[in-house]
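Labels run A, B, C and D following the written order; every chain starts at residue 1.
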Amino acid sequence: MSWSADEMMTVAAARALAGVRTVFVGIGLPSTAANLARRTHSPDLVLVYESGCIGAKPRRLPLSIGDSGLAETADSVVSVPEIFAYWLQAGRIQVGFLGAAELDRLANINTTVIGDYDHPKVRLPGAGGAPEIAAACGEVFVVVRQSRRTFVDRVGFRTSVGFGDGPGDRKRLRLPGRGPTLVVTDLGLLRPDPDTCELTLVSLHPGVTVEQARNATGWELRVAAGLTETPPPSDEELDALRALQATAPA
Amino acid sequence: MATVTTLSEAVAELVGDGDLVALEGFTHLIPYAAGHELIRQRRRDLTLARLTPDVVYDQLIGAGCARKLVFSWGGNPGVGSLHRFRDAVEHGWPRPLEIEEHSHAGMAARYVAGASGLPFAVLRGYAGTDLPAHTPTIAPVPCPFTGEQLTAVAALRPDVAVVHAQRADRSGNVQLWGILGVQKEAVLAARRSIVTVEEVVDELDRRPGDVVLPGWAVTAVCPVPGGTHPSYALGYSERDDAWYAAWDPISRDRDAFTAWIEEHVG
Amino acid sequence: MATVTTLSEAVAELVGDGDLVALEGFTHLIPYAAGHELIRQRRRDLTLARLTPDVVYDQLIGAGCARKLVFSWGGNPGVGSLHRFRDAVEHGWPRPLEIEEHSHAGMAARYVAGASGLPFAVLRGYAGTDLPAHTPTIAPVPCPFTGEQLTAVAALRPDVAVVHAQRADRSGNVQLWGILGVQKEAVLAARRSIVTVEEVVDELDRRPGDVVLPGWAVTAVCPVPGGTHPSYALGYSERDDAWYAAWDPISRDRDAFTAWIEEHVG
Amino acid sequence: MSWSADEMMTVAAARALAGVRTVFVGIGLPSTAANLARRTHSPDLVLVYESGCIGAKPRRLPLSIGDSGLAETADSVVSVPEIFAYWLQAGRIQVGFLGAAELDRLANINTTVIGDYDHPKVRLPGAGGAPEIAAACGEVFVVVRQSRRTFVDRVGFRTSVGFGDGPGDRKRLRLPGRGPTLVVTDLGLLRPDPDTCELTLVSLHPGVTVEQARNATGWELRVAAGLTETPPPSDEELDALRALQATAPA
């Protein structure tokens, strides 16, 4: 079966959840990937949505985090104050799944504004749950399409902290989680360098070249010594993904 | 006890120009009809508070009702931008919009503080982000026992909270279920409250996962069946995802937006 | 996921001498069987936390399990004193009992802070009372926005929380209803947790007013039908008020108490 | 019908709730009085119990605040953290109903300890919900049997604040409620003097003398200028009270 770059990205993101018990899910690509993981290798994966749905098992792909299918299938629905205080902030969630409008070399995320805050060129939606997801989850996976517009040297506004200004910053800021340990794009996988925290290309999706990845990155992209090729989506993965997407509202 | 009344009377009596108003409902039970009534009654200079402004505030902002927005995530869920919100912030149309920006966790904690009669709440939040530099209702607070630095957010105490619920009884006791959001906190944090409901019933038979707000803690209850469309009321309606998608082109254009409001809201 | 196991195994594995242990249940769902298991397994030097020590802690204190009590109201509800508690505080029998004393509001806030991963909670409390002079986990905290002086209490983070609930399913998801107390907060504040239940069922059919604790947030679930007697589990048993009254003469006398424990707990 | 001093006290306490909408109720005498008020002049009185039961309408007199009849008949049952934060602390409750082991001239309450705190003569149960009830309710009614043991010049331990050290103290301590505006005993009614805050005898129950009240008071009891006699319990009140008490567990 042939597949699109977005399908490769979603499958790669879903694979990253193997062995994970609890994931805090934003809507869009993260939600698709987490639901795909539940339908393939991780049927017991606990999906936690910021709308207060704990253990949601949606039968159709939700368009919004408030989709009725989330509440109706959840093990428990709690208030928004409770989901953030008792469940996220307390450090109970292993993986946080985030998107980004801008992502920088040190995995900091901007979803607030392009240009000057008071006179913005583009006003983005804002923080939502992301700053505390990025702070409190055991680790964070970012799913984002790779381009020079999104992959910038330094975000213009730090909405959610990846590695701040570099090694030691998360500890100094008392951010309990390990931060973004994986970035999944339509081109490949990036991980922070253990010494510098700089996002480094560790895997290329089939058919993608290092040059393509470099051209889609707003800083001089480093390539890990053991660069691998991401295994292509299997037929089972693609079948499950397409069946899942067929459930989404028109 | 809450008064059971009409929405137009409740808005006329309880919401004034310049008020801090919170229409809450986290992607579920969003009080659209009440938002439209605010537009219809030409409320001005409102400070609008809401975690997710959603299309309901896109409409209020575009209609010129708002002076300021207090929020944490301003998008059209699953669709894209809130174009009236962006036009106001980026170009000052139809008037400049002041913003006070938080995270969801911070906004939720602010309502909790308000509902609890406290001037602030404490959370682990915002550390290392650029938000505190722009938002004066965020401040550091040290733990008196450990010395650890945490974050305080100022309580949010709306003049009026407006929410939608599935049902109320004739004494104004309110029952809601499904995704609960911050509605209970918003109502309890506010000085006055308006609750629109799908129906008023003789007896509230309790449901799993429901929340009951006593009538004596609510100001007005207004029967408005379908008053949450295009959002939804679990057990009564489905979210109109197509409507949210259709809003995008309408809201991109000032004239199309204005015509839509004139035709559908008045 | 929670392990479904026996109470004796759970206590043996999860509760150590010297631990900070919270048996919670606010006048409802008090985990008596678990308290007796602690006595039976001869746990020592425990710090026992609980809003209302109740007879369950009167027994643990009299049996010599406790080094310290963290509490807010130590009486036999509707009956009178907790005589073993008084004997320990007033006469050091069977050993001196250190106390850390709060109000209910303060204790509840301490569990909330613990469950929220915060080192302290803020409340309007204790002002003008003599409690702060004796309790180091109470301290003043100023509001960073208004300067108003409020009260901070230190988070309570038990090593082990022990609660009783009506039911669990085979994955260890726990369901309780009726008076909810601080059980959810105590479990979430604790490093480990033991939940005794009336029964383990295939499927938890939801009830109005119920709370479900996911199995992955609980350490051990132990089927102990009737494990809350003389307290009660709504829907399963009635509070044994006569038993509480009968405890008074037993607990007044050291020998009568000791004989009772030997006979009924072992 | 003849009646006991305790019956007079309970009836007088119930009468004080006329016109009140919400009352925060402790167990014992306060609960009996509040339930009597609901069964006589105030059928819509909202009883709030610290066990989280809002709007309880118990069919039998509860022995403990956790009686199953409270939860089963409540409009809403909330957690203990919520009842104290959202309902009591936020100032939503008009009247708080308290008992006392010791009550002093300035209506401060001791339920903690008699004697030295670290080496007590009598260790009492402690604070429970009382300090915050005394602080946050619109006003407080205290129901307590009057004797030199309970009515002391100055409490040995201040568990709950009445008027502290005197006029202005509640404001200085930022206690939002008006404090104890009424003390109901088996002998009569006391109210704080508007100028000095000192508890002053304002009414004597039928058959009780000022001398009896003075002998049962550990300070020089002042008598209000317009001292009245409490109307005796009516037959209706006694019938309702006895019917209520007959529902209590043995």
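In the analysis below, a residue touches a chain if its C-beta (ideal position, glycine included) is under 8 Å from a C-beta of that chain, and two chains touch if they have at least 3 such contacts.
In this text, all values refer to a predicted model and were calculated from it rather than measured experimentally.
Steps from subunit A to subunit C, taking the shortest chain of touch contacts, total 1.
Across the two interfaces under comparison, A-B and B-D, the one joined by more C-beta contacts turns out to be A-B. Inter-chain centre distance (subunit A to subunit B, centres taken as mean C-alpha positions): 28 Å. Subunit B and subunit C have CA centres that are 38 Å apart.
Subunit A and subunit D have CA centres that are 57 Å apart. Across the assembly, subunit C contributes 112, 117-118, 123-124, 148, 184-185, 209 as residues in contact with two or more other chains. Contacts with at least two other chains are made by residues 85, 89, 136, 176 of subunit D. Partner subunit B is touched in their complex by these residues of subunit D: 21-22, 46, 54-55, 75-76, 85-86, 89-92, 136, 176. Contact residues on subunit B toward subunit D in their complex (touch as defined above): 112, 115-118, 173, 184-185, 188, 211-214, 216-217.
Per the touch definition, subunit A reaches subunit B in the complex via residues 27-28, 50-53, 63-68, 70-72, 77-81, 84-85, 88-89, 112, 117, 120-123, 125-132, 135-136, 157-161, 164, 169-170, 173-176, 249-250. Residues 26-28, 51-52, 71-75, 77-78, 81-82, 85-86, 89-90, 101-105, 108-109, 111-112, 123-131, 134, 148-149, 178-182, 184-185, 209, 231-232, 234, 238-239, 241-242, 244 of subunit C are the ones that touch subunit D when the two sit in their complex. Those residues of subunit B lying in contact with subunit C across their complex are 116-124, 137, 139-141, 143-146, 148, 150, 152, 154, 206-210.
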